[in-house]
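Notes follow once the structure below has been shown.
Should a chain be cited, it is by its letter among A, B, C, D and E, assigned in written order, with residues numbered from 1 in that chain.
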Amino acid sequence: MDFATLIGILVGVGLIGGAIVMQGIKSETSFTVFAEPISFMIVLGGTLAATAIAFPLKEVLRIMTILRAIFKGGKEDLGPLVDEIVEMGTVARKGPKDLEDALDRVRNPFLKDGLQMVVDGYSVEEIRDILGTRVEYREEREMTEANLFKAMGKFAPAFGIIGTLIGLVFMLKGMGGGEDMASAIGSGMATALITTFYGALLANLFFLPMAEKLLTQISSKSTQQNMITEGVCLLQMKKHPLIVREKINSFIPPREWKRMEPGAGA
Amino acid sequence: MDFATLIGILVGVGLIGGAIVMQGIKSETSFTVFAEPISFMIVLGGTLAATAIAFPLKEVLRIMTILRAIFKGGKEDLGPLVDEIVEMGTVARKGPKDLEDALDRVRNPFLKDGLQMVVDGYSVEEIRDILGTRVEYREEREMTEANLFKAMGKFAPAFGIIGTLIGLVFMLKGMGGGEDMASAIGSGMATALITTFYGALLANLFFLPMAEKLLTQISSKSTQQNMITEGVCLLQMKKHPLIVREKINSFIPPREWKRMEPGAGA
Amino acid sequence: MDFATLIGILVGVGLIGGAIVMQGIKSETSFTVFAEPISFMIVLGGTLAATAIAFPLKEVLRIMTILRAIFKGGKEDLGPLVDEIVEMGTVARKGPKDLEDALDRVRNPFLKDGLQMVVDGYSVEEIRDILGTRVEYREEREMTEANLFKAMGKFAPAFGIIGTLIGLVFMLKGMGGGEDMASAIGSGMATALITTFYGALLANLFFLPMAEKLLTQISSKSTQQNMITEGVCLLQMKKHPLIVREKINSFIPPREWKRMEPGAGA
Amino acid sequence: MDFATLIGILVGVGLIGGAIVMQGIKSETSFTVFAEPISFMIVLGGTLAATAIAFPLKEVLRIMTILRAIFKGGKEDLGPLVDEIVEMGTVARKGPKDLEDALDRVRNPFLKDGLQMVVDGYSVEEIRDILGTRVEYREEREMTEANLFKAMGKFAPAFGIIGTLIGLVFMLKGMGGGEDMASAIGSGMATALITTFYGALLANLFFLPMAEKLLTQISSKSTQQNMITEGVCLLQMKKHPLIVREKINSFIPPREWKRMEPGAGA
Amino acid sequence: MDFATLIGILVGVGLIGGAIVMQGIKSETSFTVFAEPISFMIVLGGTLAATAIAFPLKEVLRIMTILRAIFKGGKEDLGPLVDEIVEMGTVARKGPKDLEDALDRVRNPFLKDGLQMVVDGYSVEEIRDILGTRVEYREEREMTEANLFKAMGKFAPAFGIIGTLIGLVFMLKGMGGGEDMASAIGSGMATALITTFYGALLANLFFLPMAEKLLTQISSKSTQQNMITEGVCLLQMKKHPLIVREKINSFIPPREWKRMEPGAGA
């Protein structure tokens, strides 16, 4: 569970909500003026409609699954994984049988599949090729998901402006020279601007940060899987555990290294 | 048929239309004020004119064909294709004659062409080279089509603003200090803003989502064809069906894998 | 001659011009208010000045040559070229002498140079290297030209806004509480906005579409030259015409293929 | 310590502060109108909230560490490093024992690790592979940090506008035709615009320049490490110091070269 | 000396200045209203402050050197260079001694260094490696300089808007319902907008075109140096001058080729 995401949303919503309430008190207007169902419908509905046009149904329906992944966060701590791979290296040097027995202890499914290929006797080239292709196409699939949120982050402000334009046009059409013109204009424009507000808020507090999060998770998962691929290949080559550690350590920051030798630079 | 696209357009248009009607009722103005043929002409006409300048006539005339492709959607379910390739692998191991007989059952034209090359005795390098070039240049051709829609998505709001500027200039030029000045200004500005509204709507509900859809379809088709290329090469190398499945499974998400071994990670 | 470009410009100009005339009639103002020589001077002059700063004199002076290329369009029909290369392949298999005699019939200068290299006995690696370098650096040179138009498309709206700011500042400075204030403001703002209008129109009806056109032409020419390079190399390798056709067909869409075998997918 | 960063911030803040004070004096208004805690809270709080959603907690918590790195600056003077590597080359040619003894004098941790690998007898391929992977993944980790600041630079103006919209809506809602309407509108809009001001200032004086700085530091560190990698490999190959110098000189500008031969161009 | 840059700046400044004077005369206001030292200070000072934060002090201090390079322009005429390399090829075939004697006649420092390496007996791989690294890292260093100007082109309009916001806030705060309200508002807004004007002008007439110029110069210099690298390698391989010319001709446009054979296409 990555609490930063949850905290971020709570703080952001609380902050904007609080600001609205405080400004409302200061200007002696109820904060309920910000509750405009039609405006919200235009922004969220329009954004979802544009997204449904832009992406395959299958992807759109996965939004909930993706959201859960965003909140769960990636446990990208690579240090223990380095230890596990090095340990498996020691096992693998005994023989494929020992490695097969040890497979049950492996939790990371990608590492498990890689070690299984070592047990099954795939060549280093085949392992690198198969695992590499998996990484490449996983990245591509997940990029589609990140793009989906990025697109929502672009559509939301656009529909915010579209909604504001609708409001403005009617306000302007109805504009007359009457006594309370200023009041009518003011009220009309306020309502119209709320749609822009919704669009900007949805984009900048939800869709765009989530798209960014997905991108970071994709890149972090690829680092992990590339490290595993490299480690499994070294295992298949029966390299000495010290060399295995030295090599896959190069994927993680020096401050997280565990090794005997002193001196490490980034 | 990808219903998401159709549903998206219907929902989007219905939503914006509904919002206009509701706002119209609220402000006691007919929603017909939004029907401005000149504004629509400026936006759509200007966009098409700019697109005709920007792209070869041949591409512009294909807009309808492309639109159909957008609505038809890509059937990117790769699971069955994996099965088909693995099955063909079993056939291919019997001999080229058996493979030739089985060719009629193959529906995917790209797979068919690839298998035909196996039958014709092309080398693995030649197959990979020829099919790879096909994928690369198909991508390039289809990118031009996606760029065409992207360009329309950029030109539409620009011509919306150009139309609004035309309306504003005349409104401002005619501005006088008369009795009903406010009413005249309001009406003039409203009409001017409708052009901006058209531009923003066309871009965000049609052109940009469709460009995005094309990009997703291109990438999804390339995944499929790269998988087929890999599979056909493995066939030509007479690899064991189990290895073929393992290798081409790496193109699809683990949750769609069919295989004997347990344990699979993305 | 690519008529789309010409038609696009005529339609675009006619449409915007027509809209101005019609709006003028509707608001009983002469459309001549849109003829503001100073505004036009600021936008076009400023854009050209910025372009002269941004690009080498040599490139700026070639604008006319580039414009002609845009209008002439690229004849990117690759089908006949495939036929020609395959035919040359048949000739080349007879001997270099026959190929030399056939060279006069070749119209495409890039193909001619390639075949000349076959006649001169260059190796496949040398041919691929020399022709590949030509394609790469032609692309780079032409990208500079496309960037020149793209830059103009960015500078034009910027100078439109700069001109509008100049107009606004003077209008605002002279703003007083007099009788005809509204009329003066209106007229001043209208004039100021016309500069923005010019900038937006020049960018979106001329510079940006032309930059896009150049990009499409560059990519289309590279496809053609890469196909020729591949074809010439196959000729030098004395490959069978059927294989030559199969290989270079992979550069063009299946619907344009001419070949004996049935069944073709994109 | 890179004083440019500190000077830049002091000058920037002083300049904007001074301009506010001077404008305040000129318009006989206290500059304290710019102190709007709610506005500041919306912009900074919203930006941090969005950033917490967008990036893993771990990265967000490292902001302070990153800030320190920005201020410390990169000591990218490569000339002395060239000398050091060449000198180590002379030592390495004597034997691994001499090199090991000389290791203590090496300050750069990346160079030290590389030389240690020479001592430990890693092959050139292994050294290039391990050090190359370290450079690649260090770059990727640091890019996440630069992206974090870039994202803040995008979120800040967005929340500035969101805050302004909140202010505008209340101001417009409360707009009436009373005596002091102009004064109320003016004051309300002024307060609303201050949020936009905060957003623009934070983005353009802090977040965006800092993101840019991080990018320059990343690229400069990679140049340094690539040069070290190349140098260490040449050492392992026991190349002549003159060739080592010639080769790694190619990473730095000719005007910083130290060598016997005359004539050097960029 | 690339006169285009100088002419561009003179024309641009003259044009905008002239437009200001003419508009001033038309609206009976002195053009001196555009001389706002505080506004100019905010824009240029803010931009420089942000740049000092964003780039290492060393780069910022080189702005003057870079400006000179922009004005001097790149002499990218490659035709004579082709002749020189071919001629050196003839000399090199006689022996390294003759080449060494001819070195004094070589003006281009990059070519001179390359030929020196031929004289010194470096292998083709070493030459290509060393010269290639020089090109790569020269490009990277110069990209930092281009990015510096690009960044200034982004900061200038931002500080223009920041300055305008400061002016607007004070104007709005002081807004009262007095007699000459319109005049006060007008004058205040005019002054405020001048800061935006400065930012837009500095960016679009100076910083952005200069950044673009640097990019073109970088790419043009790389073409030249890549051509030299190729030529020097061919010399070291003792290739026939005709082949040398054919090969390095591929870096330049066919219309600049000098050769015996007729027929040349781009």
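In this section, contacts are C-beta pairs under 8 Å (C-beta built on N, C-alpha and C of every residue); 3 or more make two chains touch, one makes a residue touch a chain.
Source: prediction; values computed, not measured.
The minimum number of touch steps separating chain A from chain C is 2. Of all residue numbers seen at the chain C-chain E contact, under half occur in both copies; the interface is built from largely non-matching residues.
These two copies of the sequence, chain C and chain D, are related by a rotation of 145 degrees on CA atoms, to the nearest 5. Averaged C-alpha coordinates put the centre of chain A at 38 Å from the centre of chain E. Centre-to-centre, using mean CA coordinates, chain A is 24 Å away from chain B.
Across the assembly, chain B contributes residues 181 that each touch 2 or more other chains. If you sketch which chains touch which, the chains form one closed loop in which each chain touches exactly two neighbours. Beginning the circuit at chain B and passing next to chain C, one meets the chains round the ring in the sequence B, C, E, D, A. Remark: chain B residues 38, 41-42, 45-46, 48-57, 59-60, 108-113, 116-117, 126, 129-131, 133-134, 137-138, 140-141, 144, 147, 151, 154-155, 158-159, 161-163, 165-177, 181, 188 touch chain C in the complex. If you check the complex, the residues on chain E that touch chain C are 2-5, 7-9, 11-12, 15-16, 19-20, 22-24, 26-29, 33-34, 73-74, 76, 179-183, 185-187, 189-190, 193-194, 196-197, 200-201, 203-206, 208-210, 212-213, 216, 219-220, 223, 230, 243, 246-247, 250-254, 261, 263-266.
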